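Listed after this line are the structures, all set down as structure tokens.
Heads up, the next two complexes both have chain A, just with different partners, chain B and then chain C.
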Partner chain A sequence: MTPPGPARQALELARKDLLLEGRAGETLLVTAPFGGVALLLFPLAIGTDVPLLRSVGYGIYWVVVLLFGVLVSLRQSAADTPAQVALLRLTGVHPVVRLTGRAAANALLLLAFELTLLPVAVMIYDPPLDSWPWLLAVLPLVAAGLAVLGTLAGALAQGLAGRTTLGPLLVVPLALPLLLSATQVAEAVRYGREPWSWVALLLLVDVVAALAVALFARSLEEFS
Partner chain B sequence: MTSVSRRLTAVTVVVMAGALAAALTAPPDRLQGNLQRLMYVHVPAAWLAYLSFAITLGASAGWLWKRRASLDRLASASAEVGVFFTGLTIALGSIWGKPVWGVWWTWDPRLVTTAMMFFVYLGYLALRRATLDATVRARRSAVFGVLAFAQIPVVHMSVVWWRAVHQPPTVLKPAAPTIDEWMLAALLLNVLAFTLVYVLLLRTRVRLAVAEETYDAAHDRAAGELAGQAITTPDYRKEFPNHV
Partner chain C sequence: MSPASRLPYDACPAGRQAQPDAVIQLHGIAVAVERTPVLRDLTLTVGAGEAVGVIGANGSGKSTLLRLLATLLSPAAGTGRVLGSALGSRECEKIRPQIALIGHSPALYSRLTLAENLRFFCRLTGVDVSAVSSALDAVGLGRAADRPADRCSQGMQRRAELARVILSAPALLLLDEPHAGLDSGSAGLVDVIIDEVREREGAAVVVSHDRARLDAAVDRVLDLREGSLREVLPAATMVPGQGFR
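On to the complex of A and B.
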């Protein structure tokens, strides 16, 4: 019997993560409502000035996506037991394939998370929607970048006692270019500029993060 | 204290004294007056933050290649000193910013990216602290030490890419430096003095790490001996002398 190729293995691993998520429903049933609560809290803290909320709504949406998206991207790594990790290693699947599978599942979950929160943000803040066609590129690119960074951080913090708090500290500062690009795309459209450079920055972050997975996955998965 | 440490300390003290004298006697800025003298600490501190994290990058990459414990110690010590100098840069920048810009903090890309760099390396130190096994700690922090350096070019180029209130580079730029010669000389002397302080701190921190490791190894050995003493193999020849 021929063993499945790396792409097939990564897809199967992603499917496994999505299946587990489908059973637990944590991203869409717990984290997304929590993000919705956060979107509701901001106006209560900064005041219910409608023009102000319209102008900051888009930025607040992306801050919530970043902070809560980190939880989504780290969730599966934090839930892995040592026995599960050991079993995956014993199956002989290459570490790059394992991390790619996880990142792919995380990217899909993050995209679903973004799409769930987007109508809530539009409803609460009523931001200008003139940049909406660019969202078709920005939403998946942010989801992919955050997913890969979260997967890397999950591998770095695997098995540590403080992994749930350490992971976000590792990811959020490194994800700054994602936040900056996502918000600046809307800003550029508002002032009549082409936001291609910001989309290119998003793509660059995604490519660098993917290269980091390819380069370091083996080092991270070694036995001590 | 070894003779190298004594000599290094003496040289550092002498150069620091010269650098202080140069900073105090250099001509004041035409617009900012004496306030601009903060530059002689702020700029060297920022330079050392870059240097520290570059050394962390090099030592981390070296560890991934050679797996030598000394490289892990160097990477970690340099990151610690770098976090200190980054904090100093931010604090001095804030003190300088209040009279010049009118605020302690402003949403300038250089300030924001520097603060992010500070948190990225705090994350590096937190990762080290959270990992108990020495080999796993060295491996994971080496990977993160390489990844984290991606921020440094962004911090340095932020004043070129996004023009805001922070001035663009004066010395480290493609064109000739745009600064008075005396000021430049005083600045370079201060950079040298602070670099010597960095070397001294780094050396001390590495030696402390070696001492910590020696202590931990001795502690583990002592604990091992106790556990071994608690369980002894029964001597059947003594207890059952007639047993064949």
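On to the complex of A and C.
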């Protein structure tokens, strides 16, 4: 019995998470429509001031992505029972590999979530589309960062009664640089500035979060 | 032929490492769960080819003992070795794939089918995926392979977990109330799987309240009381109203 390599194991764990989510439908059938409703609520509260809605459209989109993205990464279908945690530990799969698999699945789901909400935001707010090429970099970077932070918070809150409350409290403050960078990329393009520094900040947050997984995965396992 | 009478030996991985004489050696072990002492001054030796039963009142620490033996908990005091690795050390991670634990609650993913659950386990651990169907056949679940776990009865879920044990061919088998939810026909399956482990010179620790079944399945029975283990006589030697002779 030769266990597969870490990449293969992470892929298998991600595949299992995506299969479970595909059957539960929490992200695309529950959270995404709810996020769409949230996008619709802001114009109702602000009023039909079209220039104002155009200027705040990107920001509101990213706020909704951040807040509802936390729910995606901490979804119920990604919560392992104590028996499942014990089984995974007994498979001998390294804790870093286990968290990497979960983060990969979370990242894909968050990217799908972002792509689902994006046309809704464009329809409702009609924001300037001059920064759209940058979105090709920003969307996956935000998804990856939020996924890794959510995975870390999920592991920390694993088995705690207040998981659903504690998780967002941990993720949202840490994800603020993601929100700031994502909105500032669009602002920079609009005012003719180079947005590279904000993209670099996004990348930095992703790298630091990935390093945190590598460094603390084992400790998080012992804590939970 | 009953499903339990023939297990898929070809599903057992070859080349398992030679086990030390004692699969489990615990000396003066103490374990606290959330700062509450559960096990104290616990000593236990289980040899290769031996199956041990553990009885005890609710809350006496039987499940904690199994988690300790599975290397999922570290002792607060004392020393212990499981499959040659010191408890609480990093080397335990290497022997974990040789340990199978079936606890109170099933470790199945409810939205995956029984076969998908087992295939997931095989792909993670390197067990041949083609052995899944024969393992499910062996526990009498061949026809339910494509049924989601949450649509299976407790007994079926328990049998699916036993199929996973067959696939993993563990050197140390840890069972918590393995007969719970199983009909009388399926309960014999547990005994067969314990025998399989013994024949491979592995060891089994079985926690159960079903004393009659336990006596039939294991070599000796221990009573976990006040955090420590003490050997008890076979149930046949008990005198009603007077306890053990």
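Going forward, the second predicted complex is superposed on the first by the 218 of 224 C-alpha atoms of A that agree within 3 Å, B and C clash if a C-alpha of one lies under 4 Å from a C-alpha of the other, contacts with A are read in each partner's own complex, and residues count from 1 in each chain.
Just so we're on the same page, a contact is a pair of C-beta atoms (placed from the backbone, for glycine too) under 8 Å apart; a residue touches a chain by one contact, two chains touch by 3 or more.
Predicted, not measured: the structure shown is a model, and the values here were computed from it.
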Could you look at A:L166 and tell me whether it touches chain B, chain C, both or neither (first, second, both, neither)?
first
Contact-wise, after the overlay, does A:A212 reach chain B, chain C, both or neither (first, second, both, neither)?
first
Is A:L220 contacted by the first partner chain B, the second partner chain C, both or neither?
first
Please indicate which partner A:L19 is in contact with in the superposed arrangement: first for chain B, second for chain C, both, or neither.
second
Under the stated touch criterion, which partner chain does A:L176 make contact with: chain B (first), chain C (second), both, or neither?
first
Would you sort A:L156 into first (chain B), second (chain C), both or neither based on which partner it touches?
first
Which chain A residues lie in the overlap of the chain B contact set and the chain C contact set?
none
Enumerate the contact residues on chain A facing chain B in the complex.
152, 156-157, 160-163, 166, 169-170, 172-174, 176-177, 208, 212, 216, 219-220, 222, 224
Within their complex, state which residues of chain C touch chain A.
13-15, 67, 70, 72, 93-94, 96-97, 99-101, 103-107, 109, 111-112, 116, 120-121, 123-127
Which residues of chain A touch chain C once you look at their complex with the stated criterion?
1-4, 8-9, 12-13, 16, 19-20, 23-24, 77, 81-84, 86-94
Residue numbers on chain B that touch chain A, as the complex places them:
64, 112-113, 116-117, 119-120, 122-123, 126-127, 130-131, 133, 135-136, 139-140, 142-144, 146-148, 150-151, 154
